[in-house]
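Structures given as structure tokens follow.
Below, chain A partners chain B and then partners chain C, in two separate complexes.
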Partner chain A sequence: MDRLKSVFDEFVSRHGIGVALFISLTVLVWVLVLIALPQVAMLDYSFRHNLSPQDIGGPQDVYTLSNYGFFLFRDGSGTNTLDMGVLGKTILASVLVTIIDVIVCYPIAFILAHSATGVAARLMILGLIVPFWVNEILRAFAFRVIFGATGLINGVGMSLGFWDVPIDFIRANVALYSGLTYTYILLMVFPIYNAVEALDRNQIEAAQDMGASWWRVHWRIVLPVAKPGIASGATMVFMLTAGALAAPQILGGPSNLWFTQLVYQWFSDAGNWQRGSAYAAILLVTCLGFVLLMMKVFKVNIGAIGR
Partner chain B sequence: MSASTLRGQTFSVGYSLLFFGFLFGPLIIMTITAFNSSSFPRISPWECFTTEWFGVLVNDRRLMGGLVNSIIIGAGVVALSVPVGLAGALALAEIGPKLRSALYTVLITPILIPGVVLGISTIVFWGHIGRQLGFGYDSVFFNGMFLTIAGQVTFISAYAMLIFSARLQRFDPTLTEAALDLGATPGQAFRKIMLPFLRPAILSAAFLTLLASFENYNTTVFTILAQSTFTTALASKVRYGIDPSLSALAVIIIAVTLIGAMIQEAHTRRREAIVTGRASRSRLYGNPIGRFVAHPATIGLLLIALAAVAIWRGSLHDATVCKQEVIDEKRANQQRFLEEQQKRMKQNAPAPQPAQPGAPQGTKNPSPFGGAFGNVAPQSPDAAPPGPPPAQNPSPFGGAFQGLSPPKQ
Partner chain C sequence: MTKDVALDHVTIRFGSHTAVDNALLTIQGGEFFSFLGPSGCGKTTLLRCISGFIEPTEGRVLIGGNDMRRVGPNKRPTALIFQNLALFPLMSVAENIAFPLEVRGVGRKERRRRADELLDLIALPGVGDKKVYELSGGQRQRVAIARALAVEPDILLLDEPLSALDLKLRHHMRTELRSIQKRVGLTFIYITHDQGEALTMSDRVAVMSAGVVQQIDVPEVIYDRPRTAFVASFVGETNAISGKVASQSGGDVVVDTPIGMLPGRASGGRSYAPGDIVTLFIRPEQLAVGEAANAPSISCTVVKEEFEGSVRNLFLEDKGIPLRLSRVNSGSEGAPLVPGQVVKASYNPEKAWALPATPEA
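Moving on, here comes the complex of A and B:
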């Protein structure tokens, strides 16, 4: 408390009482009312029964573990392998998308930082940003146009005689993974670019002069510098992919659910907000836990995110 | 230049081309499909050049209603999240390192939390408050617009904060100190030194937050409740049946984006030339005509005029003749197919329910001729109900050939 008081006094002496009040109150409201309390409320909600409005606050309104129990056991009849499978698959697929994004974006970030100059570099940055001003839904839609049963790839492939029956890219999730990879490219390129840009070009040249092969230069010199950027980008891409809802709804196969779709179903189709909250909490905890674990494994800290 | 750097450069250029091909390919394909009269967005087979999908788009009530909601929400989100983000960035810039990393972690988490979770927590929280205070379901706590603004501000503020933080890192605190030494009050120093310094960041934060608000889906789809925004209306349209009017929308967005980007580019170049003093020496900025032509306002007006001409020309374009030809061609094909069928049926003895090779799956086929085939008794195509415009026909051949089923939505 004393620390906060001294921080506030510092603000007052620097910017005046008005600005100091503005800063502290706004940050307080943001942290408490917008970030923390809603999460608490959701967590609280997830431990309650799905009651009709008049029963709320009544004798039946007690805490329960049944919503989480449902995720594990599905009404006591054996383990709920279906939902747990969906969660596991969502995490695995998100990891896959993240890895693809790292592989795709690392070279372009390096080229952007160290090979491209002047107009080319400006054009490249513009070219990176422009596609992301197009709505996410429309980007997913574009992939449907390309991968659909009567889409471009099937049309071209069949008219050239490579295959005669339309390949169901949607069911095979090819469309989904490509769409997700595409959607979050920007979030991967810029953190890596920011990190790699700081690298002194002389280091690369020195290594080359001493006879290092290109992959050795990257492995020993560029990658260590790029690591915080990769960690930052990977965290964002992973979290956003695991939390994606639009792309799986539009591009996902009919039998292949994303975990967010389960959450959505509990809310919209089943009208069971409590269980939906429980599933959302499960998603949040699993994703955050996974990210923290990976940060431990790769020895990065959360301060690097978003930089 | 040694062989290895040459190889490196070839790789760089090749990879960049591939990468940007992947980035722009989908957009280009989508753009082309907006002008094909085929009712499923596709490039091949090409039917007719048409601009009718833009009309379909503009007449989409739900989408346009959502657009109004989106604009209101966007304005609210910009008005709130820019100051909130600014406050966050200022707080981060001036507190001790230990407290800073803790606060940073807290403020950055809304970006990382899945949007679905944010949306749910927002409606649950405000619903709870509303009930505690005894408000009914028609109060603000159960209003989709309010909830959407609250939910979006939570994480969009963090985007604004990142922009302000990046700008603040380059701020020289001695400027404020100098102002204070010269007798300015702290408030004056903030208004006259800090805010002008942050002005470009405020503009880009406003733009980015508006964009983020406009395109957000994951959070909004929960918080908007029974209403709809542009993006949620768009998503349900894409999920339950797609047609090229969506491509038309993409064309509009891409065009607006490109125009904006070009004006921005002209603006930066001009600014750069003036700041570095190159302006007076350069051929372009040195003479009045060049200066006028290269001014961002001129370029902007020119591009907008160009777009207006394109819209005007496009609205005059009439594809009915071409579409009629396509329909006629389809009918001819259909006719030929029927005759073959009849011949085969005559040869194939009196099987009561002859199998129809290549016939579409009857009822599920929206093709105007699907009905004609469900009926085994051959009839002339003229007897079939007058074919609806190809707008409802997913395939130029009415699905008669190759047993093409209609696109599954």
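Moving on, here comes the complex of A and C:
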């Protein structure tokens, strides 16, 4: 609280009381109405029964854990392995997408920060930003077209004679992973670029001068510097991938459900917002817990992510 | 153990800009050799060329007689200490120093032992576990040297390593560097724009200007017998008086200047024709107040006198040409001189150099 007050006082002395009040009010509204309230409302929902409108506020309208219970035990008829499996698979798949993104984006960020100049650098940045201009649904369908049975990749592959029967990239989830990886590239490149850019080129040259091979230069000099950036990018990509809906909906194989699709089904198909809220909360908490665990494992502190 | 470094007509160009122009010199094994020149004259470029980060556009770099063309920095028997040191901030001091050993696959225990040994050598025992940012500027400096020594190079290359330090420390580190060099017995190639550093530490100095090596000599000769106008004016303070050669006999020259016929020496066995345009260089400490037997003198007006601790600087002027005279502040100079007073300033013509006014090609 004292910290907040001193920040406010400094702001007043720098910009005047009017601006300070306006900014504080906007921030307050933003934090409360747009961030805190919806989450709290959703959390509140998740602990209630799915009642018909006339029963709301009535004697049956009490808090319950049944929505969370359903995720674990269905209706008491044994463990809900199906939904838990979907959650586990979603997390695993998101981890995979995140790892692919790190592998793809680390070199891009490094080259962008230390080798590319002028036109080449600007073209690279443009190439990274353009994916964000394209609508998410459009992008997903574009990938469907490319990876489809009669799509570009199968066409080229078969006409060059690499394989003779169309490969079902959709069923194998290749299309889904490619789509998700591609979508969040910028979110991974940018923080890594930010971290790596600060690295003094002389350090790389000094290491080379002392005989270090290029992989050692990266392992010992560049990667440690890039680590907070990787952590920050990985957190964003992981969270957004785990929370993606359109891409899994459109590109996912028939047997592969994303956990967000379950949430969507509860809200929309089943009309059970309470259970949907509980499922959304489960996804959120699981993802947060997973991220925190990974940060512990890789010895990254939260402060580094905010940078 | 020690190896010669030879630059065989080395030219380095960046596009149309020539950063190093036809450098031809040999640095002896075990020598403390400095390149001295103003910022931007191509010193760093030359050093990076010796260490293997840039290939010469023309000419060859030879180390121990071997042509270094296409031999990478990691394969050369050199270690470069960067201008900003380039210590690794995320590693401890010991890890920094042991990095070259880590590269060679030396085990953890042995690495630590060597690092501690090197820390002793640079007189910083016990700081191995500190982080780099916990050290002072001078300590970092020495850690950078220790890390370079861990490479076990034959030649240590230092790029203005003292420029970030404050004056006192800089003076202290001069002695320190020189004594480390004596102890390890390696060839040191040292780059600086600070003539004090170059003159105090080096066995030999190469003075550079705009990519051209102007003169290579021991420090005394660089200072006392400059061979080009650039060396005369860049190294130390000097008075420059332009004029025309009146006559020359052997090494003795008489220069016709606006303030009279002044005798001096032709540097480097040059012979001038009467009428050649030259500049006569006389150091402030070579000028003395009053007339002396067999010494030429200039009569001039006192502008002001400045006190600078160990010396007094006397600013004189004659026909619009400023002259500076410095005398040791020993207390026996007599009455202070007042502005406007006319005095005679005499000098030793053996220490006055007539050099071609324009830099020679």
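Assume the second predicted complex is superposed on the first by the 282 of 307 C-alpha atoms of A that agree within 3 Å, B and C clash if a C-alpha of one lies under 4 Å from a C-alpha of the other, contacts with A are read in each partner's own complex, and residues count from 1 in each chain.
The definition used in the following text is that contacts are C-beta pairs under 8 Å (C-beta built on N, C-alpha and C of every residue); 3 or more make two chains touch, one makes a residue touch a chain.
Not measured: the values here are computed from a predicted model.
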When the two structures are superposed on chain A, do chain B and chain C clash or fit side by side? fit
For A:298, using the defined touch cut-off, is the partner it touches chain B, chain C, both, or neither? Pick first, second, both or neither. neither
Report for A:27: first if it touches chain B alone, second if chain C alone, otherwise both or neither. first
For A:131, select first, second, both or neither according to whether it touches chain B, chain C, the two together, or no partner. first
Contacts for A:200 in the overlay, against chain B (first) and chain C (second): which applies, first, second, both or neither? second
Check: chain B-chain A-chain C angle from CA centres, nearest 10 degrees, reads 100
Once chain A of both complexes is superposed, is A:208 in touch with chain B (first), chain C (second), both, or neither? both
Which superposed partner A:219 touches (first chain B, second chain C, both, neither): neither
Can A:163 be said to touch chain B (first), chain C (second), both, or neither? neither
Please determine whether it is chain B or chain C that touches the greater number of chain A residues. B
Distance floor for C-alpha atoms, chain B against chain C, superposed on A, in Å, equals 5
Go through chain A and flag every residue that touches chain B in one model and chain C in the other. 208
Okay, in this complex, where on chain B does chain A touch? 4, 8-9, 12, 15-16, 19-20, 22-27, 29-30, 33, 40-45, 83-84, 87-88, 90-91, 94-96, 99, 101, 103-118, 120-122, 124-126, 128, 131, 150, 153-154, 157-158, 162, 176, 185-190, 194, 211, 214-215, 217-218, 221-222, 231, 234-235, 238-239, 242, 246-247, 249-250, 253-254, 257-258, 261, 265, 394-395, 404-405, 407-408
Per the touch rule above, chain A residues touching chain B in the complex are 3, 7, 10-19, 22-24, 26-27, 29-31, 34-39, 41-42, 45, 56, 104, 107-108, 111, 115-116, 122, 124, 126-131, 133-146, 148-152, 155-156, 159, 182, 185, 208, 214, 235-236, 239-240, 242-246, 249-250, 260, 263-264, 267, 273, 276-277, 280-281, 283-284, 287-288, 291, 302-303, 305-306
Using the touch definition up top, name the residues of chain A that touch chain C in the complex. 200, 202-203, 205-213, 216, 220-221, 224-225
Contacting residues of chain C [partner chain A, same complex]: 51-53, 72-74, 78-80, 82-84, 86, 88, 90-91, 99-100, 102-104, 147, 150-151
